[in-house]
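Each in structure tokens, the structures are laid out below.
Two complexes, one shared chain (chain A), two partners (chain B, chain C).
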Partner chain A sequence: MSANKIMIIDDEKIVGDMAKLSLEQEGYVVETFLSAEPALERLKEEKFDVVVTDLKMKGIDGMEVLRTVKRLYPKTKVIMITAFANLDSAIEALRGDVHDFFPKPVRIKELKVSIQRALNGVQ
Partner chain B sequence: MKNVLEKIKSFLGTSKKEDGGSLPIKAVFKSFKEVLENNSRALEIIADMGEKLGGDYLFDINYIKGAYSELAGTVSNSLQNFDALTANKYLKLHDVFGHVDSQIKRLIYDVTPTPGVMVLSFKDITWNMFRDVGGKNAALAEMSNYLRLNIPGGFAITTSAFDEFVAENGLQERIRAIHDSSPADDRIFEEMRSLIMNGTIPEELDSAISGAVETIRETFGRDCFLAVRSSAEEEDGEHSFAGQFETVLNVPLDVKAVEDAYKKVLASLYLPGSVAYQAGLGYRIGDIKMAVGCMIMVDAVKSGVLYTVAPNGDRDIVVINSTWGLGSLIVEGQTDADMFMVKKEIEPELLGAKSGKKEFMVVNRKDGGVEKTKTSEDLAGIPSLTTEEVMELARQAVYIEKHFRKPQDIEWAFDKAGRLFILQARPLRGMEATEAGGIRHERFAEATETLMKDKGTVVQKGAGAGRVFVLRHPGEMDKFPKGSVLVSKYDSSNFVRIMPYVSAIITDVGVPTSHMASLCREFRVPTVVNAGDATRIFEHGQEVTVVIDEDGVTVYDGIVKELLKDNGKDSLKMEELYEYRKRRYVLRYISMLNLVDPTQDNFSPEGCRTLHDVIRFMHEKAVTELVVNAGRGNEIIKQHAAVKLDLTVPAGIVAIDIGGGLDISEGAGKAGFEQILSVPLRAVTRGMMHPGVWHADSVSLKVGDFFSSMIRMPDLTADRSEYVGYNVAVVSGEYLNLSIRFGYHFTVLDCYCSENARNNHIYFRFIGGATDMAKRSRRVEIISSVIRNFGFSVMVKGDLLIGRLANINRDEMEGILDQLGRLMAFTRQLDAVLNDDASVEFFAGNFMEGKYTI
Partner chain C sequence: MKVENKIILSNVFNIVLILLVGFFAMQNLNLMLTKLRFVEIADDLNASFLEMRLSEKNYFLYHDESALLDIKEKIDSTVKSIDLAGQDISRAIGQTNLDLLKSHLKEYSEMVDGIRLTSRRDVSIEATFRTRGKNLREFSNAITRLERQGVNNIIARSKNVLFYSFWAVMATAIVVSHFISQRILRSLREIQKLAQSISQGNFNRIERLSSADEFGSVIEAINSMSEELRNREEELIQSKKLASLGILTAGVAHELTNPLNNISMIAQNYQEFYDVLSERNRLELMKKIEGETVRIEEIVKNLLDFSRPKAAKLEKREINATVLKALELMQNTLDISNVGVRKELGQDLPPLYIDDHQIEQVLVNLITNAVHAMDHGGILKIATRLGGDGQTVKVDVLDTGKGIPPEFLTHIFDPFFSTKGVGGTGLGLSVSYGIIKNHGGTIRVESTLGAGTTFTIELPIYDSNKNKRNK
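Let's look at the complex of A and B:
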């Protein structure tokens, strides 16, 4: 079985860098993007198993990412991470088809558990 | 009625009284509490930032901005109250706070030096400026400003200066010509070197260098020389450029000479070897911006180079090459130097030494420059380093490697006074350790005996091993063997002294937001607090392996090397991320603690370098201020209703309640023990009344003239004459300041005993006595011995004793205060029977066992 593919979208480089480093240790294949536009382009080429995206970003935001992902790949799980101040929007996202959401800073261990559950099909 | 009015008046009083006297005690206490509460909140934020930036969390800059903004606000609030408390005694602290705050903001908002800054003193360089000063200068500044290692003073000439020099001399065109001509021939580089050597130093740069040279003269004297070195490396030394650029040694402290040396270093960008090297690495010739470091030339007796990894890649070994005089021959590989191999064990161990011929040596010439001379036969024949020097080098090498988290190539020198200087440290490329496989320590629970499992509150995760050192009182820290596991009842910020050398820390009590805790996170020392009875479970000298993970601390018998390999692997990997390091760096201005010992000279506003320092300083001085203010019993007694305490022993205490200390009706003149609500007063008086400690044959409470002047007993005024001869307790629900005079000695006990351990303190001062000095000193010794057992740090001078204890939880503190009450009662007249030194141990031992007969 080939490794599961995870996409990380966050406009701050440190988030993607740290997530990539941690998740690759778990054996995932990870790609990171600093904005939604190139990420969505990439998604057109290939399916990812889990997309972890920031909610608030310049240009296309996390909600839009969620809608596009779900349209392209209904089975791909989306995990939303957001600044604590944007919690209300996150809850709104939760009503949509988001698998999980976390306020930042998010404990990497919890994110890993969430990704594992997403891959196992556990909500 | 009058008293009530006074109470209200004093409560409302916000600043100095109209007559210029002191603040009312209630206002003082209110400011004190505000300082404590704000500091407490600040330390919580610092601890949270330490955790969130520790590598276990994904965080973004918004988190740092938000957390810092709250932190700065809290410290600022604390400062305002501190000013009120100390009547603006420490206004300098505002400047310090302002400076640190701007440094932090510079990091958070990623501001580099003002564009165009041409010269920066090493002490003003921070790590994020490596693009401006080059990697070598940034590393030197880091070792000096942060690691506090001995680095020669000096300054950096920035890349902005380089740009100006290039512009001033029209070199940009030439560089374009180099880019266009492919392949460029050697003549064009030779021409560049000549243009640079004959180039004009821009006026602004000239005046900046003059200023820097003048500062060196003022600071270090006129007789020093400079070493002028290239600093072109990237931040993490991706490419070392080792030996590619010019270094000019022993340059006279003269602007022209420095500028010539500067140009010589710049010109070395176009030396044939250097050009080939740059091209080989894929650089376009002319693209590298050269910063330069000018540092004071060490008058070296011996120098050399060391690697923190063996040539075969063994990372447990430090290899030191050493020779007489300057190290340039070693750097250039031209001499048969001495070699020492040291094992990086818990205590460094000399594995082997090879004596070289050291035929030639390089020395500083008196008029500048260096010369190569033949080494005298008696010197050439003996090793250039003593064993102690080898060990010192090894220890510093390990410290530097641990800090930069990569194998290091370090240049060093010992001067005539035997002082070790670090001249350069850069990462050794291609020597990164191969990764150890992840080993889960659950497996070892079966293989080796588990002494402690999943206990305590985690401060810093990780693993460490070594011999247990059970610290009974702070004075023993001098004996701490490097590499040991520190086991202590309490935590203490004094541990910072041993932090680079400690393998792990376990304390019986403590909180994860203490000063020590944030130091442990900063130094990445595996630490757990609140682990219960560690001081009883572990034996002094026993070898153990400590593993701290989310669940707490697990301790195995013996040294389990496999567990250590896994130590901090995740966070080490995070450190490899530039973005992560950059963000985390802000903690250096926040959580690092430099003010450790209040008795040291640097314990001043000027000594504060971080917010943690500022907080620590305020805390210490706030307590002092309170002790002084609350100790002015005579003034306070004029302002407040005083209540006689009706106890079962004639302690003669009157209490002044400044809020919630006594449960009595207005105007009542007396309070019994049951009416004492003040937690600390209750504990102390309970101790005094403990059966057997108070011996009835007390001396009368009169004051000898000599002693009254010496001990500054409050001279109670006539209008309050009914309180003459009484001891005064200023109390609130959580606070007690007790000034007690029993016979001819005088005790001050100041304590704050709240639910928040971090805010709690006990200050205990004891002085005087009627007997001869020897007997009085013996009594002080007994008291010192007893309170050290409770964890106090103690300072004794003759018959004066000052003991301090902080950061303990309420229950523990009540127990200690009870014991202090007993001690004060027990030792009242003890000096009279202390006829010989042996009696000190006898009575101290008896007291600890609860035997109070005299």
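Let's look at the complex of A and C:
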């Protein structure tokens, strides 16, 4: 069985870099993007198992990414992270069929657990 | 004096005038009635005197003895009626004339008595007798004529007085009403000016010299209204400040969360993979942490600039020197970003009264934004020129960048509003706005998507009188 593929979209470069560093140690194949546009282009080419995306980005935002991913690959899980840690954005994200929601600062261990559960099909 | 009082005063004046004229006309009518009554009595007397003269003729021509008796009876009845109407006659012709009439009558009566006693009928007595009778009649006629003339005079005089007093009342009414309406219009114009200045946001009290009339009270009312408006405006500004404090807090939280998250994630990995990481990797991670702390430091610094704007140290300065200094500071950035500079600095511009460090900071902010808007290089144009009315100097900062979407234009001076994503704190323009406002100037923006953006700063020129007073 080939390795699970994870996509990370965040306009903060360090977020992608650090998540990739940690997740690759777990044996995942990780690709990072600084904005949604090239990420969605990439998604058209290939299916990813989990997409971790920032909610608030210039251009296409996290909610738009969620909708596009669900349209292309209904089984792919989406995990949302955001610096806007307020209740409204969390509720909006969870209502939109999102797998999990992380306010920044992100605990990488928790993120890894969440990705593992997503891959196992556990909410 | 109140306008109401003025109107009352002018009315009182006219009423007094009308009363006086009425009183005068009444007097004249009374006098006329007296004179007419006399003329009536005089007509009776004249008739009696005529009969006396007839009897006189009968006595001398036809030797009619009873004629003397007739004359005597007539004289008695005439004396009686003169005594009865004595007061009226005296009032009409005066006591002197009355006495004269009486004495003429007495002389005539004595003559009759004398003739009756002696029964003489010679020529000399006849002549004297007839002369006295004639005198009596002529005197009476003369007085009657005079009194008729008097009545005519009174009527003419009354007519004149009524005519002139009518025009006097009319003239007073016209002049007074014209004066009062002019006065009202003038005051209304002043009030209109006042209301206009208030609607333009000038809430200063208007002092006025003569304020004892109704317009004084109106202006007083407008003054208290404008004071109330100013208080409300201050409250509004205060609440707006509170609202922007809310935006500020949310902005600070968001701005700080990203670098904190970065530091946190680096630190987590650093601990987790300490053994796996090479020394070079560890140093790289620490360097990244340092970079993120610099980012936080920058945000805090901008925040302090924003929340506590340093008091401007205003000095007499040339704007072109400040522009050149800002360009010098930005030269490296401009070169790296492949941005060319075009300067159009106005010559012989009047000096400004500015804190040149702060204005320099504003220009650096605008130039930085311009460079960021021109990802693929471009032209930055800086122009200085005299403002339209000669009381200001304008500085234009133009770029040939991507432009700002119209829906963002109204927000670009708001704190923490940024179109740059990660690159900006959203405080630069908001700080710049505060600085220019503190200088009594304005900052405006115009932008066309895909063509570029123009920021225009307008600053008041140095005014030796005003600026010294402010100092």
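By our rule, the second predicted complex is superposed on the first by the 119 of 123 C-alpha atoms of A that agree within 3 Å, B and C clash if a C-alpha of one lies under 4 Å from a C-alpha of the other, contacts with A are read in each partner's own complex, and residues count from 1 in each chain.
In this text, a residue touches a chain if its C-beta (ideal position, glycine included) is under 8 Å from a C-beta of that chain, and two chains touch if they have at least 3 such contacts.
None of these values were measured; they are calculated from a predicted model.
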| item | value |
| --- | --- |
| Which superposed partner A:58 touches (first chain B, second chain C, both, neither) | second |
| First (chain B), second (chain C), both or neither touched by A:12 | both |
| Touched partner set for A:105, first chain B, second chain C, both or neither | both |
| Chain B versus chain C as contact partner of A:119, first or second or both or neither | neither |
| Contacts of A:22 with chain B and chain C, given as first, second, both or neither | both |
| Overlapping contact positions on chain A, where the chain C interface meets the chain B interface | 12, 14-15, 18-19, 21-22, 25, 83-84, 104-109 |
| Of all residues in chain A, those that touch chain C in their complex | 11-12, 14-15, 18-19, 21-22, 25, 57-58, 83-85, 104-109 |
| Residues of chain A defined as touching chain B within the complex | 10, 12-15, 17-19, 21-22, 25, 81, 83-84, 104-109, 111 |
| Of chain B, residues touching chain A in the complex | 52, 55-63, 66, 570, 573-574, 576-577, 579-580, 582-583 |
| Chain C - residues contacting chain A, complex | 254, 257-258, 260-266, 268-269, 272-273, 276, 288, 292, 421-422 |
